[in-house]
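Below you'll find the structure, written out as structure tokens, and then a few comments.
For clarity, chains are labelled A, B, C and D in written order, and residue numbers in each chain start from 1.
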């Protein structure tokens, strides 16, 4: 019932993508999905805990369909569809491709069975194994890269979605058994790093893979700012709760205040107050909240209210990206094997920029200058969501290795909080 | 993937309850539940297709919990609970027992697993095997009888609920493979049986098991009436559809008309018009509608509208019961192995009174004179539902053997139609 | 701002219907509607407080349209429609007549204006004045009678609907000023009247006006029973509240318990606990609850739960009707001018059978034997509601004079409680 | 029934704010509100057509309460509250002030009556007349200015809200009678104005009144762009409809496509296709769509989809503001008396930048750098809505004179369209 060593090894190996061929990275990605599903019974894999989440089986099948629909049927001449009904079952949201099973009903698909889905993966993997090689057309190479990254996104969702399922029942099972650990010391107040203003280039420069929403690379005018050296901790968040943060309307955006009251929020998702302390459901089961670890499972509304309460603000996505230029792209992501955000290490400078928790920014998710949706179904990947959401940066404890960049723009609605979402404070310098 | 012969044999044996001990009937009932689940994967067993339905696994566990909570913990001194968390998981609606998992979330219980539930059944069966004997206290004997009947009700629900699941997805699998058959001849118009008026005793007389809602036995004044010799057929229902029955407001009760329009009903549940003909999802898969068979999966609203359209009416529960006195309590119930309603046999007299489809009556489900709810949780069994529902009589193709009586009062809301529900016409004589 | 003396005189005169011609009774009924609206501003008359209620202006116009659509256009040869758009605006629920303004949007009809509706009434009254005479065809005479009774029903609704509006706002205005009164003595426990069982004829015999749902007159078998001499009082209801009645699930029907919890009911509609006492909004404003007066604005669910708590039950509609044969058809209805239920007078025998509050019965609202819907729109009057509702008997403090009979069957859904609804207890003898 | 000449004169005078004292401008603003309500009956003024809209009476009272609560009670020593209950009734959304009547129930407030509200206005106006003078404390002067601007915003809402009411009923009355006019020539394709990139100061510089959300003035980096010389016309929009714009998912943001389908949108709000042509409800009644006039009552989702369909994009709020620097702040706003957007005049350059329709921009409504919410209730004015909305620029045919600036930031949710909202296309240069 515990995430095997090979998975972690696999995941770690992912941190050195340069040294492996696309073929090998693809196969490792495909294998990692199966290994992430290993601790789960077929029953666990079929159910959908809420509309936002998807069943494990659906993730396993949908990522496979993605390769079949966009790559194999076009570039492998003798490829035969595994099952014609699967397109309807496992298309997520590609209107261009055709009608599809409704999202809130993904959990009703007891058929095709988990066994059939595993056979589907094997069938597609065999075909991918034959197709993917250095000699492929450039478009195919690009689609493979997109498919790898697409599957990595679903690996993170697989973990957050199974957590939402396990948190919904009375038994609160652990996805992986807990390992004993030494509680971290309560962290000191964060140090602050200051940054000059100026005109900075932001966005992806096209060198290596990036999603379309990361470009074009363009200039942004930045005003002098400073950034906290670590994420906001559970201890700090509990102070916010105990100061009446969830009961003080003037701290909140109007939509946030309505959300708090409609849903009777009194703390982060999965947190319960019990016996004078705070417990939180996690992939390691239902455990006491670690005061030193970054707060997680908070919405944009909560992050914004906390920042107002603390006298600071959230950084913009551009401030974050400019600051991130000063640190290496490494951190406690999935390969670190913690499956939860970990306390910052003592010391100055910017800690935890990558891994641990996705950091809400103050930037609405909008197109960069010159952004154009690609024609066809692949063009539906990112562009059509550029409304009503906010940008998050930096990756989390569930982000696969190699799947994070300084320019990466994750995005969620401001009320959503089932992802590993947290925050870092900023201020005008 | 087909319902095994032993199940049918089992079920048939049930038709001779007199010759077997309570112990044996109990054990056969327990076995039948497992065999009904056999064609289903663990994935099939965990999911809930709609709020009204429950997962197979939940049925298997809840019927087991019923014995544990109401019988074993009281009458078997050394009985040890299988798992203390199961009461919360598998209590259905007994407010007296305590809080419970919310009904619409039964499908999220991937844990406890199907394997654990099977172990739970084995654990309880072993205890039942030891406890149940002729020498038990009378109250225990009565609770065993209630438990058997309770489980039989859930056996029927297990089948209707799995049908609702299989009908919800794109693949429309069969619960059991279809056997080739000779289509029945289109039936002649029904003959009518006439009955005199007078004062008749109705309700259960207390001899043998009956639910509390079947008593007290009391007198009813009946006016002369006549009853159709068979149920309304699909052919007759199609004539109603084709005459614009679903588009003619004056045929409908106001609540029924609102339901038709809100849900865009154009025929019975699971029926689709395709290629000029009518198809219906069934336990044998997605098949052409059999014109000679009784219409099924119709609501009270539809049954009432059809009766009005035809110039007749529905019988009252008392008329039905008085008429049923003239025929033996036998018919094509679960043991017959058809898993769907079958055409009436040619001939005069009352056909199909038992089995095939539950027949909607014109009687609101209300307490009989002198009805009193039993104290404690068992008293919540029937009485608290005596409002807003209608009585159905006669059992269906999914009703276990031995689980039907002339006095049996089934009840559902007038909009519900996922059970095997049909109708028989009546008229004043 | 107080209900004028002439209205009350008018209403009182209604108690002697025998002595006046149909023409005069019609004109008095028409006048009474206008006088009931007199205390209200045009603003008060246009708004709809909830879906179940209608604006005063709509009542005034709809009752007028009823005469125009069903009578004048057929029997007055030179009749010219006042305005062709009014049929769409003021048809209530007659599907046979055609499309109509949606019920929940009746409160958006600021046009036609209140002035136009008053002109509409004058126009139709002038035509009615010319048409209605002894020499009319029988069908016209019957339609006039139906129209009078229809308008009387809407007079009661006008009052209950304006109460729902005045209770919805912060100012809680009185429809009519309060007159000082002497508080009644707390009533003694009710005496009980016993009735023999037997076969009794119930329902209307066709002599004089009755709604179609009151027939046919037919026999019912009644078991010996007894009936409380007065309605349940506020004092008794407060004892139920204080005994935890609204927090004890075993007292409630399942649907009732769900309703209590969904809506957070803790007492009758319009009741608020304040400063240790109970206040209730009424047509006389927001006033302390009178302990001696009948409880009112309770639903069937509450009436049923109270009866169970008290150890008694609700009477059936047939028991009530049989018992009512022993008392005259008189009581404190609208003409008495109280505009609220009043305490029972001391003494034995059946008090308060007519007037004060509508009494919930244990009878589902279903057709009597032989009931047939009349063809055409008039047939939609009562029959299509014979499902999911319960019968109430006896009339209330807002029922116009002459509009109540022993056979009268009022009906509402079991959750509804904005009418003047109360209860009287019964028991098996 | 027509907007009086004095109103228009009044409104026109407003275009020369410099020449009048604050006292006079205040009094003129107060008068204009009453005159805008003049064509409406008391019935029209009390009803609320939808949750987003408010009744006329409520606007008249709320703007008055604003002066009473924030100004008079603080700065006029002998001021006596008109009615203590009004704060509860007419507070809009100021959490700091206290509890308030729920927004969706504003239309139930038949009391206080329209007459009382007029008396309330007179009472407050008399006090304002006494208080407002050059010698007031600076804070009072600023609050008067805020109150004037606040009331002007509600004047525009009063008109859009009454249109939503009049459009909801079957009679579709005109707020003001229509004047015959000469149809404009179909406009030529727009000319385009090009603008250089660079660093530009945007936002309000604090000279004269502005809302807090218009500051701080700060620098933005603008890329070269061009802007269409006029707004998109109805003719162009009809081409979009007829090209299947409302049925083509790839043109839409995902949230927009869901909105289109949930609400079955097929054209702008209030537009109906009839007899082969397009009609639209307006303040002048239900009239044929004018092909040459700007399209109005479109949501952000529609504006965005249209821009994508046309091959262009929406401008950012900063591009718009930079472009607007080149034209005078004048246009057909409320004082022009058209009450609907009018066709652009022939000619080059930027037309229609002010007045006619509010122009959706591509900018999410977010705080400018350094924005801080003011303490207290006044701080709730704008800041708490900085989430999930988009910025609109330029004012409309219903915007009062003097109430528009280049820096003005209006904001609405992307699905809202009951305001006079339209669009102007932009492109990268």
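Of note:
Definition applied: contacts are C-beta pairs under 8 Å (C-beta built on N, C-alpha and C of every residue); 3 or more make two chains touch, one makes a residue touch a chain.
Values in this document were obtained by computation on a predicted structure and should not be read as measured data.
Chains making contact with subunit B as well as with subunit C: none in this assembly.
Rounded to whole angstrom, the centroid-to-centroid distance between subunit A and subunit C, based on C-alpha atoms, equals 60 Å. The distance from the centre of subunit A to the centre of subunit B, with each centre set as the mean of the Cα atoms, comes to 47 Å. Between subunit A and subunit D the centroid-to-centroid distance comes to 39 Å (mean Cα coordinates, whole Å). Subunit A has no residue in contact with two or more other chains. Arrangement of the chains shown, judged by which pairs touch: one closed cycle in which each chain has exactly two touching partners. If you check the complex, the residues on subunit B that touch subunit A are 41-47, 49, 57, 85, 88-89, 101, 105, 107-114, 165-166, 168-171, 173.
Taken in their complex, subunit A has these residues touching subunit D: 93, 95-96, 199, 218-221, 223, 249-250, 252-257, 300-301, 304, 362-364, 366-367, 369-370, 373, 379-380, 384-388, 414, 428.
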